[in-house]
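Read from first to last, the chains carry the letters A, B, C and D; within each, the first residue is number 1.
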Amino acid sequence: MILDDKLAVLKQVFETQMPFNKLLGLKVIELKDGFTKILIPFKEEFIGDFIQKRWHGGIQASIADSAGGIAALTSISSFEEKVNTIDMRIDYLHGSEPKDIYAEAEIIKDGKRIIKVDVKLYHEKTKIIALARCAFSVLRK
Amino acid sequence: MILDDKLAVLKQVFETQMPFNKLLGLKVIELKDGFTKILIPFKEEFIGDFIQKRWHGGIQASIADSAGGIAALTSISSFEEKVNTIDMRIDYLHGSEPKDIYAEAEIIKDGKRIIKVDVKLYHEKTKIIALARCAFSVLRK
Amino acid sequence: MILDDKLAVLKQVFETQMPFNKLLGLKVIELKDGFTKILIPFKEEFIGDFIQKRWHGGIQASIADSAGGIAALTSISSFEEKVNTIDMRIDYLHGSEPKDIYAEAEIIKDGKRIIKVDVKLYHEKTKIIALARCAFSVLRK
Amino acid sequence: MILDDKLAVLKQVFETQMPFNKLLGLKVIELKDGFTKILIPFKEEFIGDFIQKRWHGGIQASIADSAGGIAALTSISSFEEKVNTIDMRIDYLHGSEPKDIYAEAEIIKDGKRIIKVDVKLYHEKTKIIALARCAFSVLRK
């Protein structure tokens, strides 16, 4: 498989064929082997704390999981390979604001059977809102 | 504060005043001190894997976080107390199906400064889809 | 492989052939498919907080990892199968005392490629000191 | 409290007054506000996998917890402040060798009530063996 094709197909699948990503309004800003940067535009319905107007922690966990999964999938060398999420830990570091969230996800271990990814969520030009660490199993062909 | 009042107010806030919970369609089925059971009705837009029609792992993380937060909030004895999520781990155990998800969350540590909650996600009459463990900080009055 | 043989061999390996388990003084009290109960006798050198005489959090993490690994290994059906720890989360619930620690570990997912184990640490007749959740990869033959 | 005094006292406590650290042979190589680097010299009794001569995963978890706790304690501004471990996640990335282990721990959140620390374990000049993320509660004076 030609690498650019793989990434182009993945980007299209992530943005247009996964219903939940459409609900999030997820945009893939950057995608290369082992790394992705995505954007989730702020929407009122993503608010959890309606007094302080903060993003719900649950939607932050969704974004972390999504970014982690996208980065993990760049590890495949054929669309017959299967990637499943094993687990994720998310740490909430600083209160979010009613602004777009960016997430960067990077593979930190690209093994024969296990892939691990670190994710950070942030608002542009400000500090990190949350960090996540995800484990995936992969069935190589 | 009279206990039934506290729980009634919390239930109403969770279901009607948190925008993200409305997006989820979250219903509080049971709420008592230290425990909650919630229901998230299946919707097409919650799908991640559109071939196998599975719920997106991210939405499962959202549900776990929501259920954990609701159980944690039953620990407060005044609405001036403040509860913040510190971190969460979610373990994906079995593939989900295009059916409603139930989540039960139970406080396993109710400390002066830290609350911990265990959550399980499942379809009715079938095995567990995911387990989560959450840590919260609480500022008691 | 006859089951009783497998468990007898595992018990002997855990107790006598793993140098770190000897340092811990680890005793396997119960071992069956999917479950183990172990005992770590209290020793002065396991203390972290020398004022309150509490077990070091690090040694508790060691015990959790050991118990989790033993339970996971009961899942193999041949000694050619390979089990590796992927990750572990440990939650410290209540202060420990200068007394023996028991750990019970139970498989909560016994998959083709992934095993998950829940562990609890406690002093006899008292509340839980710590909980852990571990993920393992397994290469089946 | 004068900063250098605080760090000097902490270093001495970690190395000479915590029994478990003596068992580990823990040496504090670097200690400054928000960061520590420690060394655990290899010993035969730290081996888990006696065929491949790898450090036991449990001792790695001990080291991660120890390094994390030392970094967290640099955050205190008085010895009356109390720091407790809430939880830790450890990810095993690459097989260890029968050589000394270094651990670097860095505070990633230094809050009023919560401290978070990232830890990495490695052999000199080689890749990372394990990563950990720890949460602590702190009672400020």
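For this structure, a couple of remarks:
The working rule: a residue touches a chain if its C-beta (ideal position, glycine included) is under 8 Å from a C-beta of that chain, and two chains touch if they have at least 3 such contacts.
Since this is a predicted model, take the numbers as computed values, not measurements.
Of the two interfaces, C-D and A-D, the higher number of touching C-beta pairs belongs to C-D. The greatest centre-to-centre gap from subunit C, using C-alpha centroids, is found for A.
Centre-to-centre, using mean CA coordinates, subunit A is 33 Å away from subunit C.
Separating the centre of subunit A from that of subunit D, both taken as means of CA atoms, is a distance of 30 Å.
If you average the CA atoms of subunit C and of subunit D, the two centres end up 21 Å from each other. Contacts with at least two other chains are made by residues 86-87, 89, 91, 135 of subunit D.
Of all residues in subunit B, only 89, 91, 93-94, 108-109, 116, 131, 133, 135 touch subunit C in the complex they form.
By the touch criterion stated above, subunit A contacts subunit C in their complex at residues 86-87, 89, 113-114, 135, 137, 139.
Of all residues in subunit A, those touching subunit B in their complex are 17-24, 44-50, 56-59, 61-66, 69, 84-92.
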